[in-house]
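Have a look at these structures, which come just after this line.
In the two complexes that follow, chain A is the common piece, with chain B as its partner first and chain C second.
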Partner chain A sequence: MDIFFEQYFDFDVMRENFSDVLDAFWTTIQLALISGVLALLLGLILALLRAAPGRRMLPVRGLAIAYIDLFRGVPLLLVVLLISGSFPFLDFLPEWLRAPDMLGKPDIFWYGVLSIALTYGAYYAEVYRAGLEAVPLGQSEAAHSLGMSHTVALRHVIVPQAIRKVIPPMLNDFIALMKDTSLVQVIGVVEVVKAGREVQAETFNSSALTLAAVLFVLVTIPLARIVDRQISRQQMLTQRGVL
Partner chain B sequence: MNKRFLLFLLTALLLLVGTALAACGDDDDDDGGGGGTDTTAADFDTLESGTLTVGSDIPYAPFEFGDPPEYKGFDVELVNAIADNLGLEVKFVKTPFDVIFRNLAQGGKFDMVASSTTITPEREKVVAFSDPYFVADQSLMIKKGSDIKTVDDVAGKIVGAQLGTTGAAFAKDETDAGEVRTYDLVDDAFKALQTGQVEAVINDCPISKYAERSKPDLEVVAKIPTGENYGFAFEKGNDALIEAVNGALDEVKQDGTYDEIFEKWVGSDPCESIVESE
Partner chain C sequence: MTEAVIRLEGVHKRFGDLHVLRGIDLVVPAGSVVCVIGPSGSGKSTLLRCINLLEPIDSGRVVFEGKDITTSSRKELEVVRRGIGMVFQQFNLFPHKSVIENVSLAQRTVLKRSAEEARARSESMLERVGLSDKLEEYPERLSGGQQQRVAIARALAMDPHVMLFDEVTSALDPELIKEVLDVMRELANEGMTMIVVTHEIGFARDVANDVVFMDEGVIVEKGPVRRVIDAPREQRTKRFLGLVLEH
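Take a look at the complex of A and B:
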């Protein structure tokens, strides 16, 4: 049992490597925020494409469904490896896309962002879909009878209500996304878990990993609490009979 | 059959399969009372009596690679020869390099580590080493067409290495590299070199030289004479086993077996002809 505490709770090791681990955690946060925003946007687009009405839109719906199936089916780690391994060789891509060195972040960072956004976009698409379907049919009927076109009805009536309904699962997926950023370490991005492992390899002590876990929890728990409060406030305002 | 019964059956089946797999997966190793039966060996213990359990980061060609259970390579054959000498069977346990010393030091996982491991003072704080059995240098590998020729040329550039190796330590402490990227497997570092994500790889010379065979677009352009010694690693305090292995290593060197293995896997020093770079 002593070995356990020595290995995972050595405060000297934690202190000595604190700034390295913290720097890497900042990378984790950046990865999560940028990929998260992109995934949210992509997911909404996919969900709307998937729900496009009419026979003419059948190929569009089909493509959206195929995309969602593909990226929900392939593990994120594989997507990361496939993208970073293949992009440099895809001649038809312009140079800035093949080895994107933008905003001071190296190409591997952007491969990571792309992989996470593409994958979580698929998950978010399904969450949006559930939200859209949960909006009562009466809403769109009323909108149409008021003369709104499909697009206008979506923008002003349906989508706002849908989004409000799906905030909890959205948040869950975002927390999952934030944890999944650790997968990009395999292509060389030093995010917080990798930083912990580098300390482990050099000091033969695993306490930096414990530190990484603490940092994660420090961020995800307050996030969850904030949104819990948002939900109950919203419920109080919009639903009768709920206290 | 109704739905509920079906669900119950499925759950029961899964639990059953799961338990069965768990039960036959791990063979519980009891404390070995296995002794050496050889003339030079003192009495030593191994985790499993009669077997030398060896941890190794496989693949790291040409020292340890191939498919289980018959791995190939310099370390593999040398370990086999030593174990033979001591009257022991060998069991290799694949372990990632970045945790190999930690796992060894914690005890209970393997008797010894044979993984092209360099003897360093930092490592000697947590594990004990046998006598050196190989002299290696680090090397600088680039993709053909690069204008990096010496270690000084990597200043400000991105260098790749394997996590936890002396190559990674050298890159971080002794070069002016702009960034040192560590990878779990050395092959990942080579791959990154091929795709241009890193501009050089610093790794043990024999391994990088061997990799040139399967990756003709990569080239070892300079040798970094660190004169590192590989040693087998043991749990600290396991003196009896260390002594036995040292004895066996000595005999293997003297009876020509070592030279045979060296000739087969390393040949004439592949790194001899490479330009030295300070």
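Take a look at the complex of A and C:
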């Protein structure tokens, strides 16, 4: 049994590599937050395009659905490889996209962000769609009967109510997104799993990876509790007819 | 003769195989109150929803203030609907907005009134329906009767030329019905043109100029309130009124 603890819980290994692992975890957090925000925006845009009314918008709805189907079906790892491997050569792309270096981060960081945002945007679009569909029809009828346009009704009446409904599933998906940031290591981004792996390769000991797991859990458990609280709050409000 | 605010000509509406309206002709003169009665499923609510084209119609014409609006574009309809206020059975207040915001929102976004102007107008409409003390409340904190009065104020704040009421007391507890009917009665006395789908025969008798009795998607009988309610000619009308007035 000693060998088990030595392999996974060697505190000397953890202590020696603590600051490296923590630095890498900060990169993980930055990846998750930036791509999470972008995915939230992309998802909302996709969901609204998908719900655009009228026959003239049919092609737009079709494109939105095609995008969502495509990016939900393709593995994130594959998207990461496709983007990082060839974007530098696509000379028709603007410089900030072809070789991004915003906020002093290297291009591989931004290829990772872009891949995660593009993929999770498709997931978030579906979550938003569920939220939009959960707003009672009477709400848009009331808005239209007052002379509001589709856009005004969405902006002031429908979307604010839909967003309230989708906060718990969004947070759930954010936990998944955060864990998936580890895939970005294949293109050289030193996020927390990569940092742990490097220690593992040098020491033949997994304790730095255990440390990485602990860091993940320290962030995801509070998030999960927030989700639980939100859900029970919403159930209460739904029962009282507010949502 | 006064000009008709609303005129329906041969309106048909189908939901799939269900033929809900089968050739409706109706003229609503300015300043008149028309009550539409009839059994559930007779097409009363659909008729009302076809007037502001919340439901597009399959054939026939809807004429608002002399203008055929049947084939209006989306943009044109938005303008038309400003002139047609509607109140729903389920209130449909915006739950994430306070009472004053509910009443002000469309004034701001549709009529482009300034914040001060919209607020002043909202306050005066809410005073009119007796809710001056609830401006900052949220709908969830109000009774059904209060919510419905907010909904009426919200529609009135747009200065409509006609008001559509879709069974507005049907979702209310019995003791809350009167406060809503009183507001509507007052509105009628002030000369508002109103089309009221209702089960409140007493209200229809007191307030309506004309009564329309519908069954199975057609207007069975229409005419002055005294004639239709107190001396119906059609068997179906007699049977319905007998059932409603019995209890």
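The criterion applied here is as follows: the second predicted complex is superposed on the first by the 228 of 243 C-alpha atoms of A that agree within 3 Å, B and C clash if a C-alpha of one lies under 4 Å from a C-alpha of the other, contacts with A are read in each partner's own complex, and residues count from 1 in each chain.
One rule holds for everything that comes next: a contact is a pair of C-beta atoms (placed from the backbone, for glycine too) under 8 Å apart; a residue touches a chain by one contact, two chains touch by 3 or more.
Keep in mind it's a predicted model, so treat the numbers as computed, not measured.
Engineer: Considering only touches as defined above, state whether A:Ile187 meets chain B (first), chain C (second), both or neither.
Structural biologist: After superposition on chain A, A:Ile187 lies in contact with chain B alone.
Engineer: Is A:Ala142 in contact with chain B, with chain C, with both, or with neither (first, second, both, neither)?
Structural biologist: After superposition on chain A, A:Ala142 lies in contact with chain C alone.
Engineer: By the touch definition at the top of the document, which applies to A:Gly73: first (chain B), second (chain C), both, or neither?
Structural biologist: After superposing on A, A:Gly73 lies clear of both chain B and chain C.
Engineer: On the A-aligned overlay, A:Phe204 touches which partner chain: chain B = first, chain C = second, or both, or neither?
Structural biologist: A:Phe204: touches chain B, not chain C.
Engineer: A:Ser84 contacts which: chain B (first), chain C (second), both, neither?
Structural biologist: First partner only.
Engineer: Looking at the complex, which residues from chain C come into contact with chain A?
Structural biologist: Contact set of chain C toward chain A: 52, 54, 74-75, 78-79, 81-82, 84-86, 88, 90, 92-96, 105-106, 109-111, 138-140, 151, 154-155, 158.
Engineer: Of all residues in chain B, which touch chain A in the complex?
Structural biologist: Residues 97-99, 101-102, 105-106, 122-123, 125-126, 158, 160, 163-164, 168-169, 179, 181-184, 188, 191-192, 195-198 of chain B touch chain A in their complex.
Engineer: Considering only the defined contacts, which chain A positions touch chain C in the complex?
Structural biologist: 54, 136, 138-139, 141-150, 152, 156-157, 160-161, 164, 240-243
Engineer: Give the list of chain A residues in touch with chain B in this complex.
Structural biologist: 3, 7, 84-85, 88-89, 99, 106-108, 186-188, 190, 194, 197-198, 200-202, 204-206
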